[in-house]
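Next come two complexes, and both contain chain A; in the first it sits with chain B, in the second with chain C.
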Partner chain A sequence: MNTTEPIITIENLRVEFTQERQKAFALRGIDIAFYKDEIHGLVGESGSGKTVTAMSIMGLLPKPAATILSGSIRYEGKELLSLSEDALRTYRGSKIAMVFQEPAKYLNPAFTVGEQIREMVMLHKGLNKHQAEMRARELLGLVGLGKDGRALGAYPHELSSGMKQRAMIAIAISCDPDFLIADEPTTSLDVTLQLQILKLLKILKKMKRMGMLFISHDLSVIREIADRVSVIYAGKIVESASVARLFEHQMHPYTRLLLLSIPDARHRGKKLATIAGQVLDATNDPQGCVFAPRCPLAKELCYRESPKLIAHEQGHTSACHFAEEAWDL
Partner chain B sequence: MNFIKYAAKRFLRLILTIFIISTIIFFVIRVIPGDPALVIGGVDASPSDIQAIRAKLGTDRPLSVQYVEFLWSILRLDFGRSMISDEPVISLILQRFPLTFTLAVLGLLIGILIAIPLGVLSAVKRWSGWDYLGLVFSQLGMAIPSFWLGILLLLLLAIKFPIFPLFGADSPAGLVLPALSLGVGRAAILLRHTRASMIEELSKEYVVAARAKGLPESVIRYKHALKNALLPIITIAGIEFGYMLGGAIIIEQVFSLPGLGRLFLYAIYQRDFPLIQGGVVFIALIFSLVNFVADMLYSIVNPKIRLE
Partner chain C sequence: MGPLIQCRNIVKIHRGRGIDGAKRGFKAVDDVSFSIEKNGNFGLVGESGCGKTTLARAILYLDPPTSGKVLFDGVDLGSLRSRHLRAFRRRMQIVFQDPHSSLDPRMTIYDSLSEGLVNIGMDRAARTKKINRLLDLVGISGAMGSRFPHEFSTGQRQRIVIARALTMDPEFLVLDEPVSNLDVSIQAQVINLLLDIKEELSLTYLFISHDINLVAYMCDTVAVMYKGKIVEQEPTEELFANPRNEYTQTLLASIPGGAGRISGASTNIAKDGTMGNTASAVRELSKGHVVSNTTGRTGDKPDLTGGTR
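Our next item is the complex of A and B:
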């Protein structure tokens, strides 16, 4: 596995949201490490804390609703959580960049694609107008929006949804970040476009040797793109392993059930498996395992004691008391 | 190319508006009671005198003939002659128009200068002192009628502290108080729109994306959000300008300014048909032109509109 130092390390991150005097636990102490030249997939259902994780790294959690209760996020060993807003800003966009789910909403409708790239490289890289223009042209060529620079003068609404996402990727990588967060970048696109964008991200990762956090609720997309996968459930990482290993051998019942719920041609005619029960209410703070109420294997221990994320062979980690046992679902 | 098509479409709409307004005003002033011949002839005129005046004015001819003649005169931008003074209507209007127009422009300018900075500040620093100041200002501004504000300003700044002249527009200083009374009410409305528009833009996703790019908050607010927030304001300001022309007519009475307002008011008293018609059509034309320009401006700043 990866023996070098991680670019970003998250340790015991706990994030709480307060809304109308109700407290909700968005992240219940997560540990995760991201490496250079590796695409780390983060998979989980909506509300499980994927985007909160991304926004915590960016330092863009909504204020004052979100509070970081404890934990640390380090970029190349430097603690990001203790940085001032001004200091953080020098990381955002230049070292750590982000691609969002719906490019139509996240691109500014009133500025051309060229301007949205130029302002960023002028700010972070100190380029002058002419250099910025050249850089923008080069970036658009890189993401497949043509080398003639026609897309430079285009407003977002003049581009198709696939082109918009390419433009947003061009903006994100414009300052050669070490780390790219892609939050469901293909979810709003149709399947053929999805594959093109995944391919583009893979190429860019290789070319720029970036680390990448790729967020998705879709295991098949994760399988397509990621090198490593972490599964998040109700604000906790329940399992993490290399893609090859995770799809072959699951060490957490939630992951197994998640895989069983994907339609598969080999099981044609059989009823599709579903996970009984509902996601743990975010206002709930159970003593035991967050998945226990829905877990078919849950024992008394699971309700009493919260399982820790423990490393097993081949860098496979799992937060289940019975990870090593052979169970069948 | 798209822009030209869009502009042409808008211009056609302008022509149609003018046509409809001309038709309405033509028939309305003839339906309501009041005969210019009676006004000109006075109480002592005999029926045959009145008939003679009618023949001279042309009001004895069938309505349809008068209507076609009227439309034809509008096409030539010649609104006929005043029935009372016998001067060409267009020259009467053009003599008075610069003053009213200046007043409306100044009023709008004052409105914009107050509304946009305060509206943006209110939106950016919500529930701060600035926001409350904006709130109080806009509530008062909307509640106070402009003519009453005008009278108050006169009492305070022309009589108690004689800084500005009491009436007349002989010096530019004479326009300050009227423009202020006009602008404050409009500013109140523009301010509410600016604040709401800015708050809406600041909650949009592209603002999050701009933060993720590491842009300073000032750039995010005053470049990214403001440009989007001002787009609807351009349209509203155009409409406000139309109200300003109407409002100027009242304010001219308060400050005794020889503008269009007083001209039209006397025209109505005296049933001076050509002058009333000409005045209404002229104001409609100016209003439509200003909105046409606002629409063009809007489409230049917001390229999205051209495709619609």
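Our next item is the complex of A and C:
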């Protein structure tokens, strides 16, 4: 689908957490590539490793709890995992920026929105006071907070949740990053607000020609916004394809079942498909497929051998031994 | 079959300090009327803070309404003395959103489920039999009754909470966002369970959610709540095919991927998502199809047009 070089490439990334001598395998070797001009949706259940993926790219994994066991994250070919903290800081904000699930936690309550934007652009872009002021106005206008100039002088607590999320987005894009990570940016918002934020992100991607990683647990949100989707389960990417292709044809039983389990008014009264059992505990380290204990298709091979993420036609990848078989679920 | 629940002009004013620190009363539920048929599955949908939980608690007389009437099976709950009210309350139960906070962490599952039964004087043998049957119904092995809540997953806990709500053989169940805190792959299990027990025990549901897709899947009638008022209420198909209220239209238009997924409905939506500020007027368009013009929306008004060029 995309012939150019990726902006960010993650290869075989394994991240583990140690807590009270317990090991949690948060990422069990993930491969993923992000391109300019493309919104890459990452979908998975809670605890599947979405935020850890985002934090790994940002270089913000909590230390010393988290250990990177192996792998690489390259930004335009340059290895990020070997950068010093100082070098990383210049990447953050100016090249890669992030919008968090709870904007309230990441906005500084002691400064107005305008001050927070001005500080970013004076620091990273070397603008003077006057230029920074202009830039702040322009950005707030861009995210739909510009009309009356009120947001500029507002403290975060004076804004509604939708406005806070917009302010957070304005700060994130203030230094023209090439790549934006949005970790469940709409999960805490009402549906009517959610749609507005999704539209805004789409418009910004087009205008700024950014690459974007959009994280959500909600397949219908991903379908709305993403160009490409990767499905993550228990720290593994199990399937990846263009949005059109993935919703048309699934090559991993987990994705298929997940789609079948979404309530749809047309099937009112009919039973939903369910996925038996529970998500694999992060402390488990199975030899075979992470989905095997819940997979209705699991065979002996699945418990013995972990399936690799293999490319099939049209850039569709799947980590299932039986991806190409016509299963009936 | 006749209505099991009738709400007439329910108003609920929260006294005390509001979030804005002001010390006046806040009208969280504003003149709400509707009825739920016996065995009905009535959906209540609306955004956060619009008054859904407040309304549910008022209907159950957990926080009695400031004014208005609730008739349960024809009996005005407001007219009952507390002892009689308690007997009526057994016939109605509520399941809340958060299964973590709704089970006592220091009590075994068996003890949590026993509480109500002990209160009505049921002996141990009968209790055990009943609890095992209920746990079985929700797919939890009776042998796990001696365990504590933290030993269960979120999905299992929600199933236990549902089992507990069933111990008093209620006829009416209020489900307040019962799956919102569950993972996608677990939600379907609980939804199926709720549909099964409804059938098996001939229950009547008031199903509350902010997810209009889910409500449309579960319920035969849907009421849309906005700022304390029911702005539209109709049979599910009708609501989706033909939403009349502006807020309902916006809500449907906000479904990711569009409302097309739902019964192929076409909605005529205000293109920029903004809504007018029309004076309130409730009209009954046809039988059972009530619609109001109220929106008067403020705050997070969609504002993409202004600054995005």
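The criterion applied here is as follows: the second predicted complex is superposed on the first by the 327 of 329 C-alpha atoms of A that agree within 3 Å, B and C clash if a C-alpha of one lies under 4 Å from a C-alpha of the other, contacts with A are read in each partner's own complex, and residues count from 1 in each chain.
In this section, contacts are C-beta pairs under 8 Å (C-beta built on N, C-alpha and C of every residue); 3 or more make two chains touch, one makes a residue touch a chain.
The structure displayed is predicted, hence computed values, not measured ones.
Once the two complexes are overlaid on the shared chain, A:87 sits clear of chain B and of chain C alike. Contacts of A:244 after superposition: neither chain B nor chain C is touched. In the overlay built on the shared chain, the residue A:108 is in contact with chain B alone; chain C does not reach it. In the superposition on chain A, no contact is made by A:69 with either chain B or chain C. Among chain B and chain C, the chain that touches a larger number of residues in chain A is C. Looking at the shared chain after the overlay, A:271 reaches chain C, while chain B stays out of its contact range. In the overlay built on the shared chain, the residue A:157 is in contact with chain B alone; chain C does not reach it. Note: no residue of chain A belongs to the chain B contact set and to the chain C contact set alike, using the contact criterion stated above.
Looking at the complex, you find that chain C touches chain A at residues 47-48, 153, 155, 183-189, 191-192, 195, 210-214, 216-218, 220, 236, 240, 250-251, 253-257, 261-264, 273, 299-300, 302-304, 306-308. For chain A in complex with chain C, the residues that touch the partner chain are 45-46, 140-147, 160-163, 190-196, 198-200, 203, 217-221, 223-224, 257-258, 261-269, 271-275, 278-279.
Within the complex, the chain A residues that touch chain B are 58, 60, 89-94, 97-98, 100, 102, 105-111, 119-120, 123-124, 155, 157-158, 168, 171.
Within the complex formed with chain A, the chain B residues making contact are 204-206, 208-216, 219, 223-224, 227-228, 231, 301-304, 307.
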